[in-house]
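Structures are listed in the sections that come next.
What follows is a pair of complexes built around chain A, which joins chain B in one and chain C in the other.
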Partner chain A sequence: MLRFLANRVLVAIPTLILISIIVFSLQQLLPGDPALIIGGGEASPEVIAAIREEYGFNDPLVIQYFHWIGDIFRGDFGVSYRTRQPIGPMILDKIPVTVTLGAAAMLFSLVIGIPLGILAALGKGKGWDHVVTVFAMSGISIPNFWLGIMLILLFAVKLRWLPAGGFVPFTEDPIGCLRSIAMPAVVLGTALAAAMMRHTRSAMLNILQQDYVRTARSKGLAERVVIVRHAFLNALVPIITLATLQFGTLLAGAVLTEQVFSIPGLGKMVVDSVFNREYQAVQAVTLLSGVAFVAMNLLADILYFWANPKLRANR
Partner chain B sequence: MTNALLSRTALAAIFLAGFSAAGSAQDLSIALADDPDALDPVTNRTHVGITVMGVMCDGLLTTDEDLNFVPVLAESWSWSDDGLALTMNLRQDVTFQDGTPFNADAVKAGLERALNQPDSQRAADISSISSVEAPGEYEVVVNVSEPSAQLLSKFAERVGIIFSPTAIEETGAADIGAAPVCAGPYAFDERVAQDRIVVKKVEDYWNADAYAFDTVTFRVMPDDSVRLANLQSGDVDIMEKLDPSNVDVVEQDPNITVEPVAVMNNQALMYNLEQDGPFASADVRNAFELSLDRNAINQVAFGGRYLAGNQVTPPNSQYYDPATPMPERDVEGAKALLEQAGVEMPVEFEILVPNRPLSVRVAQMMQAMSQEAGFATELNVVDFATTLQMTEDGNFTAWGPIGPQFANDPDAVAFQVLHSTGSRNLSRYYSDEMDALLEETRTQTDPAERVEVFHKVAALAAADEPVTYLYHMPQIYAYDSAIEGLTYTGDGFLRLVDVTRAE
Partner chain C sequence: MSVSVSSAGPGKTRVPRPAQSQFALTFRRFARNRAALAGLIIVGLFAILAIFAPLIAPQDPTATDWGAIRQSPSLAHLFGTDELGRDVFSRILYGARASLLAGFVSVLISFGVGVPLGMVAGYFGGFLDTVIMRVVDAFLAIPFLILAIALAAFLGPSLSNAMIAIGISFAPVFARLARAQTMVVKVEEYIEAARSIGAPHSVILSRHVFVNILPPLLVQTTLAIATAIIAEAALGFLGLGQQPPAPSWGSMLDNARASLMIAPTMAIYPGVAIFLTVLGFNLLGDGLHDALDPKD
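Right, the complex of A and B next:
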């Protein structure tokens, strides 16, 4: 187990270094002189020169890279040139928001996707199956932002049941929190629910044909027990894998969803920072997302190792 | 039983939550199109930063909607006969939001900070100040090296917002923008970057009775349609920067009031006069101008909600020269001018266009119109930041539509663009005559005479045409019709004094 872990971590390190280099270089490729942008277009040449000096834009790229990565290892993500607030705490503020939204979206997708998938599998080729399949295809095809705007128009503007945007932390006001993330979670979770449903359906179809299901049925077990205990629990393994791997999709979806619902999470931070040319903030969030993604994959590997007896036997 | 009780409690909680949202009428929420930068009048660079500071803080003076000066923290002011000393008498019942007394020493310290702090964005605006004195507890004397016609307009803008010297001492000048303390009706309470800024009413402020709301929450919503949806759903009370193409639709909604506020700004096409080629000739530039139908551009691109214009100031301004009216579109006249200039037809022309939907729309119309007059106009649509770099390097033929966003004095929109030393003179327009006129606008303290000089500036700019002015953008606010009493400063910022919400 330890060797396996060490192996995985060792493989992750070059990936992380590569990510940091890519993140850093992407920023350099963006058009425009950052000092001019920070200066706001009305600064005098002296001010521009001072900004270049302050932010180290005059140093060679390699030096700039090592400065940047060195600061990050010391936990210093820089200071927003716009608001003068440190970026590290800003990110810390935003992580719980995106995590709450992501968890709610995941919950929504599980609650909708799994039962529908089971229903579709049980009624394969019949009416239900078609309805669910149409739902799944629409769920995957509808763009996030469009669905978001439609929901806002209906539930916030027309019916005034839910707020059109914003975020209330769960610790402050649980009901307010639920109201504020209901629509965003549905928007973010819809595509995921559709994917979940399709996976559940195919996993269930596969397992329902297995010998042990037939055996269970021939033992005279109630159909409900056969489906839940024998079929579904086994189908759950690929579903869990899918759920873990959807982390990246959630993060990417959060970028648009948070923008539409003006939710102050990491996704909105990335978009706003790009528009405001907050280079350091964009770098920091992109890098952290990359690290989180690698960490999630590592976690998935470990879970898989733990869950799959064959892997353990072969080590 | 327990279940029934639980569900009843939950229902009650939901209702309470609903009612408390409706009952908390004492918060006013304002949707902003951008996240402000540092909330410090000395280092601030953004329009939206002034919107927030304008609600929190009182300045020495302000402007009314006709750009007349209105006393606020300075009760009165007068110039010495030689125009070299401005004496201001301050209100005596004002304290900063941290309790520090607002007096002449604090104003002196504030002005000196704006002049001397290394990263001050205001120093150039007030470079004519030679010294500031505080001869009495509530009397400030500002000495200038030469008469300064635009100084008061700067005091009516960010320079006139004074921060508590105690707070600056404690927080440090570099960080005061993250925890601002000024003299004004609403004190800084909380800021969540890229999300919201909350300010809280100062109960013992001298005119606290004039402010009805306990808190004001600024919500940052860069997307136009998101801002509008939040207004329509009642989640925000006021939004700024309504997209002009949405005005017609929003005006149909009886619950929303749309208010376009005229602002002294302009959007223009700037030519690179240092580049060899046909556009080095003023005739060619004037021909291009003649090929345009500015009213049609306003109608098509902005639904007629902007103001077409041909001068640095809008046609409804007193500084607009009536003797230089906006030319009608004249394709034949444009062709005649091109012939007179002796250039090869069609005249090749490339416009560098910042990649913003409305700007591109305008540029496409200019392209189509000018082609009929003998120009082979191409558009080079580029990211805004890149256009800054390219124009700085002189790597363009013409750039636009582009221009200053707001001003409370024509100096702020004219000098930097048209004077040979102006920081925004990217046309590289060097004219001794223009320089002399612009310098005169700065030292001429007689208002009527100064208006005359600005008329001459407009006439000369139209003849030399280093810039083709296209249109002026009002600041379009939309708000819940229950909000009453909103007024605006002369440069288009919100004033919340005496604003109430009808029940």
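Right, the complex of A and C next:
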């Protein structure tokens, strides 16, 4: 297990370095002088020169990269141009909000996606299968920000059951948190539930054809036991992997969901930073999302290893 | 469905029907798939609306009318008017242009960047493959939309920059697929035959490999257009796409959100338009996949 893990970590290192280079290079796309953008239109040449010096824009690019990545390793993501607040703690504040939203969306997608996927596989080509197929196709095609607006229209404006936006931390008011997170979780989790359905359906169909399922049936086991113990538990391995790999989709979807529901998470921070020209904050969140994705991949590998007895036996 | 091959007259010996070409087989399988045909019709309809928008649109999509702001649907304004009194129906028609253009152009960029890289990596293998695929993996690790937002932010908000941002963010997906398919094709006998008669790598790649990996790439292209249309709408919704006053479905939704309490109908039409277009491309892509690869 340790050797397996060490191998995976080693493979991830070049990817992480390349991600950091890509994110650093974004800055080079800025049209014009970044010092002018930071200083604003009216800054005098002296001020601009001072900014160039302070931010190290005069250094060669390679040196700038090493300064930047060195600072990040020390937990220093830079300072907001506008508020002069450090960006690192700002991000730390936002993480629990986005994680709460993401976890709720993941839960929604598992609770909806897995049972419907199983139902579709068991009744292949029949009524349920068609319903699930249509639902899955719609879930993939619907823009989640529009779904959010429609849900606000129904549940907040017309029926007045749920708040139209905002976020209440779970530690402050659990009920309020659930109310504030219900619609955003459904919005963020819908596409994921659709993907989960399709995936569960095909994993189950594949496994129901296996010899051991036929054996289990032929020795007279109840159908329920065959489906749950023999088929579903084995289908769970690819499903877990998919759930972990959907992390990136979840994070990207959170940008729009948080915007629609005015939830103060990482996604809203990215959008606000774009419009406040806080490019360092945009870079920081982009970098973190890439690193987190690599970490989730690692987790998926470990889960896969742990859930698959064949792999465990070969270690 | 009956297919008459030849009207062989009496006295003539009937020639056995020639084996159907791969194309005809694929076409027949596609034509039998009702969902795929529905997708084709939806996409075709929106394409016609986009192309003929100037002829169909009852009004100038940017013409404001302060005497008719946020009106409900009526005969004068089929889908009502927005917060500046502009005709929503006309804006939806012109918005189809921005959406479809963004879908096609960004996928063209992804295809143009990703496929050659993937083919070179898969064909030559070795160190070149390692380097290209490491970079591709790094790009794939950054969530698609976050990368697109970051790129669009740094390039500056506009429709063309949004297309570049989406195109670059999606290119790694094409590179991966092209590489995998190239590795399958390059061991085929006809490639070996081409090599043995001294065809240069460039000719083998463009004439033999590319043509043979095209079907799966075509499926991916159709599905990628669906993703790109949602992404363009998302960037427009965030203010990073088409800039006002030019209409785009994403920015129309952003405006509608601000007027949700006063004019709820404004939010319905752009969303339905995005949903249907994306659904059309997804159905089409799934249908193509099933027609080209009936094994699955």
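Going forward, the second predicted complex is superposed on the first by the 293 of 315 C-alpha atoms of A that agree within 3 Å, B and C clash if a C-alpha of one lies under 4 Å from a C-alpha of the other, contacts with A are read in each partner's own complex, and residues count from 1 in each chain.
By our rule, a residue touches a chain if its C-beta (ideal position, glycine included) is under 8 Å from a C-beta of that chain, and two chains touch if they have at least 3 such contacts.
Everything quoted here is computed from the prediction, not taken from an experiment.
> Sticking to the clash and touch definitions up top, decide whether chain B and chain C on chain A clash or fit.
clash
> Between chain B (first) and chain C (second), which does A:M150 come into contact with in this model arrangement: first, second, both, or neither?
second
> Please work out whether A:V131 is in contact with chain B alone, chain C alone, both, or neither, and reply first, second, both or neither.
neither
> Using the touch definition from the top, say if A:D33 reaches chain B (first), chain C (second), both or neither.
first
> Which holds for A:I142: it touches chain B only (first), chain C only (second), both, or neither?
second
> Taking the superposition as given, does A:V294 touch the first partner, chain B, the second, chain C, both, or neither?
In the superposition, A:V294 contacts chain C only.
> Quick one: classify A:I69 as touching chain B (first), chain C (second), both or neither.
Neither partner.
> State whether A:Q259 touches chain B only (first), chain C only (second), both chains, or neither.
Touch partners of A:Q259: chain B and chain C.
> Touch test for A:L242: chain B only (first), chain C only (second), both, or neither?
Neither partner.
> Touching A:F275 in the superposition: chain B (first), chain C (second), both, neither?
Once the two structures are laid over each other on A, A:F275 reaches both partners.
> Indicate the residue numbers of chain A shared between its chain B interface and its chain C interface, in ascending order.
On chain A, the overlap between the chain B and chain C contacts is residues 30-31, 149, 152-153, 157, 259-260, 271, 275.
> Considering the complex alone, what residue numbers of chain A touch chain B?
Interface residues on the chain A side: 30-33, 36-37, 40-44, 47, 50, 80-85, 90, 93, 149, 152-153, 156-157, 160, 163-167, 173, 175-176, 179, 259-262, 264, 268-269, 271-273, 275-277.
> Quick check on the complex: what are the chain C residues that touch chain A?
Chain C reaches chain A through residues 134-135, 137-139, 141-147, 149-151, 153-156, 226, 230, 233-234, 237-240, 253, 256-257, 260-261, 264, 267-268, 270-271, 274-275, 278-279, 282-283, 286.
> Under the definition above, what is the set of chain A residues touching chain C in their complex?
14-15, 18-19, 21-23, 26-27, 29-31, 137-138, 140-143, 145-146, 149-150, 152-153, 157, 248-249, 251-253, 255-256, 259-260, 270-271, 274-275, 279, 282-283, 285-286, 289-290, 293-294, 297
> Which stretch or stretches of chain B touch chain A in the complex?
Touching chain A from chain B are residues 13-14, 17, 34-38, 45-46, 118-119, 121, 124, 174-175, 177-178, 191-196, 219-223, 225-226, 229-230, 232-235, 382-383, 385-386, 388-389, 392, 416, 423-424.
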